[in-house]
Amino acid sequence: MIGVLKSLTATMGTFMRKPVTIQYPTEHRKVPERERAFPILLWDFNIDEPFCTGCHACERACPVECMTVTMRDNPLFAEGKSKRRKIIDEFYIDYGRCMRCNICVEVCNFDAIAMNNTWSGHELSTVDRKELILDLDQLLDLSKRKDLQAWDPAAETRASTEGRPQPPIAQVGATEDAPAAGEPLTVAERSAEEQDSPPTP
Amino acid sequence: MALVLWGLFGVDMNVWLDAFLRLQLIVIVMTVTVMALIYVERKFVGRIQMRLGPMRTGPYGTLQSVADAVKLLTKEDLRPATADFWLFELAPYVTFVPVFMTLLALPFMEDWGVRDLQLGLFYIVAVSGVTVIGYIMAGWASDNKYALLGAVRSAAQLISYEIPLILAVLAVSMVAGSLNLNDIILQQDTIPNALLQPLPFLILLTATLAELSRRPFDIPIGESEVVGGPWVEYSGIRWSIIFALTEYAGLWGMAVLGSLVFLGGWEFPFGTSGFWGDFDFLYQMALVFAKSSFLILTMMLISATFPRLRIDQLMAFCWKILLPFGFLQIVINGIVLMYLDSEVTRDIALFATSGALLVAMAYVTYLATRQPSREARVAAMVAARSIQ
Amino acid sequence: MTNDPDLPAMTYDPELETIDLNINIGPQHPATHGVFRMVLVVDGERVEDLVPHIGYMHRGAEKLSEHMDYRQAIGYQDRTEYLAQFNAELCYVQAVEKLAGLVPPERAEYIRVILAELNRISSHFMFLGAFGTDLGVFGTSFTYAFRERENLLDLFEEVSGDRLMYAYFRPGGVAWDVPHNFVERVKWVCDQALIGAKDLDTLLTDNEIFIARTLNIGKLSIEDAIDFGASGPVLRACGLKFDLRRDEPYSIYDRFDFDIPVGSNGDSYDRYLVRLEEIRQSVRIVRQAIDQMPDGPILPEKLPRALRPAAGEVYMRCENPRGEYGIYLISRGSTQPYRLRIRSSSFCNLAALKHMTVGHYVADAVTILGSIDIVLCEVDR
Amino acid sequence: MSPEDRRRPQEATIVAPPPGSVADLFAEALPGLEMTPMQGALDVIIQIGRDDAHRVLEAAKHNDKLAFDFLRNLSGVDYEEQGLEVVYHLYSFKHRHNITIRAKVPAEDARIQSATDLWRAADWHEREARDMFGIDFEGHPNLVPILLPDDMLDHFPLRKDNPLAPLEEWQGEILGPKMGDAGYIPPGSGFEATPAAEGEEA
């Protein structure tokens, strides 16, 4: 009898507390900077071409074989504008297979691939699973729009400079008009950008 | 509407038309109440669980019940190929109609119910017991083992808990000296029956939860065991009749009954002096509303807190604790009412005996469920062998 | 009544004119925590026999891991033990480290232990919530538990970047360093976890109905538990004070001071109490670890690009929330494991289900299954 | 090391366990037993023949000095040309020591005596080893598939001669070529579009 009454005090106590619900579709929790949604490719604004050279390193390292990569000769290299001898030709990632293990980011020698760290990487539901196979343009789209959150591991990690933190997202801001790598976006800017970003196809 | 109000104030008119209008009013009020109750329960339980509850449909989710109703009514009505056609189709109505019939005898205000029956209490108890037949019909007709198990459980549970329910209201009717609900209410103008008879009040609350198959007594439909029990094969409109109408109309009816019989109904704090003249029914309605809301919220709080009992524990609780104490209450009531004439001594005696019985029942329950204390458990933990 | 040869034989008693009923619970049933299926042979409400069926979730994680290199196979540990991913990863990376002779730096060890213990808390919260729901609490215990679990998952997301499939530990250390506010966040999460544990304690522990439903239900003696290979809280609830963190210390667990909660009865109630107390003990460990955590590197200085451990074998076992989680790893000198065997704790605990259930009621079968706290992905692998 | 050498599986060098280890207790308890003691990364390993296996396990359980009452793990391993092995990981709560017993089983005649009479824990583990490696455990009370469906009885997935790719192909045949396509309705599911409906769409 006493235990039963004690249980009632628990429920009545929580009735008085503030609810913890976040009303998801209208209200987004801020995702952390190191969020790993799905891999996307990064765009080199200095030369106006992707970072990716199509070297197949990520394709070989992928545990679930969700990537298809082909490379071609870089026309910008022939013109002398770029240092990349080869450039990515076609790149497909099957998000339906991807298990988001971050290995492709770790093995990339050119820091050309990163994990999408915005909400757009999570809201991907489609009616046809073929739409989850993204091609090169779709993979580069987010980076071209500069919608990724800046993750600056130098500010985040403390004295442990010997460790090997993963820096690729910091690349996003490394252009003139975007904030420099050392200055992460403010929260207000971030949330504004999040809301502006349309859902991924 | 004018006609209805005409009927409300007791102006003579055609008996059949009067009855028809009153029935219509009850049907409308019941439907609205059921929808409101569904919303209230979802919000209330949501807050207990530190959630918000429905928020999307309408402001603060107020239209959630409407959306649910539209969804359920337009859903495909499935029937298993091997089901017994007639029993399967009829079972929801057999479950629902008795619940609706109990509403007909309830005096919601002074002189206003659908019908004022001389044996109103008896009628309500008798009619509400028919519900179990619907459960058994559905369980048998569904051709599903979960449904069958649930039907057998409900047969045991609902019939058993009918008896404590009868004993509880019987004790009160002895005090009132009548089975007419109006008389019982009028008798409570100074002291509500819940004070005179706390033990029957508690028994009524418990038995009501069991009769309505609400947690913690939802054994027939316990979804983690028999996945919905008799109703496992129902969907769409038939399921909404069972779930929404039966469950919540029953909850409402029983809460109103409890507030009338035990909490003094529209009579208790203010009496029937009529200080608003013709508009007395407004405060009477508000009183009944407040009291029944209190009972409903209490039941919802209990539902949201406790785990489900097991069927044998539930039956043991009924037959070994509620039933003997209910009988004892009636016997003591008889003695008290027979030998004490003065109203004051009678009330004191009733309160004292019933309170003493309540304490005794709590103690017996404690003895039956006594567990090793926390300290003993800690001691056993310390004494546990470290390695074999 | 069907005559399916797959189902156990029904008995017929000519004197009483009753036959047993087979009730199929699962694979899609609210109480089976995934796709577990058990066929109950019931006489009225009493369970006469129980036949468990598993394998609906078998994905061949062991076979797949043989075709991955050592880093790629980490992801499959998350998916095997999807409620205690850090613990499973810890066991796996330690097995690899033992074979490859890697010694993780101090800071990495502390990060791993803190995360593994927090993951134990979140896993136990999952149990407490789901156990209440099995017993018929109307979602209240579930939401209390998930409220706290959400805080923990938020922290894990901030650290590893993912809410469930962390893939954060690496042979030799962790993938990257923790965020700068890690210490404060962990302290806050620990406080919250204690609040949640107290809420659930008030809601359930002394409740007579809860006690009536769990006390003496699914009793297991120490001898039976050992014989069935049960481990973790199921074994400790029987009264045996055995915890791999203390008795075969791995990682840096020998540096912390904590108690091992044990039960006395071996029933469902004791399993509940043991898990509730383990939350508090894990908070103790985390608080000690967070105070001792040093700065420094998170990966060894000499880490080969492709891990190629020398030929050999190791059976690494860790105390996971559900019991002893073992990785039997055989290397034959290539970049891929030659054989990876996962000794799943739920698999062994589940083997005792029939022994515990027979003779109880149908409702108790659900209680007992809930009290074992199985993760079906781990059972089927 | 040349790439060819890397591809060829290496053999572990046998390191003798330190004197006074659990392996010596076994030699003491079962004189004349043919066994190869080894020191693993964590535990002491003894390798024995199939015919000795049950005798050794019985001694391991019932001998007072050994007293291995907890069967941690039982698994099969396929060493290709060296045949199969059944590996028992045992622990003693009494003496707190570990042992790994590796019993060699020839692949073409894969059978060994069951350990279910010693530890009930062996029951499910042996059923799983039967599923995965096709090892027949003699004396097992109920050696039916546990993780795999009944129609997988001729495939032993964890054997090395059952590579991953053909298994996937085989599954593909069962599931149908278009299983991954959106809107694909498996034949015989009862939801096929009628020819008339198809005509309308066209």
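Labels for the chains are A, B, C and D, by order of writing; each one numbers its residues from 1.
Simple rule for what comes next: contacts are C-beta pairs under 8 Å (C-beta built on N, C-alpha and C of every residue); 3 or more make two chains touch, one makes a residue touch a chain.
In this text the structure is predicted, and so the values were computed from the model without any measurement.
Comparing the CA-atom centres of all chains against that of chain A, the greatest distance is found for B.
If you compare A-B with B-C, the chain pair joined by more contacting C-beta pairs is B-C. Inter-chain centre distance (chain B to chain C, centres taken as mean C-alpha positions): 42 Å. One inter-chain figure worth recording: chain B and chain D are separated by 59 Å, centre to centre, where each centre is the mean of the chain's CA atoms. Centroids of chain A and chain B (each the mean of its C-alpha atoms) stand 55 Å apart. Multi-chain contact residues of chain C (touching two or more other chains) are listed as 140, 144, 147, 203-204, 206-211, 226, 240, 242, 247. The multi-chain contact residues of chain A, meaning those touching 2 or more other chains, are 1-2, 4, 7, 10-11, 14, 20. Along chain B, residues 48-51, 304-306, 365, 387-388 each make contact with two or more other chains.
Residues of chain A touching chain C in their complex: 1-4, 6-7, 9-11, 13-14, 20, 31-32, 34-36, 61, 63, 99-103, 106, 115, 117, 153, 155-160, 162-166.
Those residues of chain C that touch chain D in the shared complex are 54-55, 58, 60, 62-64, 66-67, 98-99, 226-229, 240, 242, 247, 308, 310-317, 324, 326, 328, 330, 332-334, 338-339, 341, 343, 347-348, 350-351, 380-381.
Contact residues of chain D toward chain C in the complex are 6-7, 9-13, 40-43, 45, 69-73, 75, 77-78, 87, 89, 93, 96, 100, 119-121, 123-125, 132, 145-149, 157-158, 164, 167. Those residues of chain C that touch chain A in the shared complex are 68, 71-76, 79, 107, 140, 144, 147, 150, 157-162, 165, 167, 173, 175-177, 179-180, 199, 202-211, 295-299, 301.
Interface of chain C with chain B (complex): residues 21-24, 29-31, 45, 132-140, 142-144, 147, 203-204, 206-213, 215, 222, 226, 239-242, 247, 261-264, 273, 361-364, 366.
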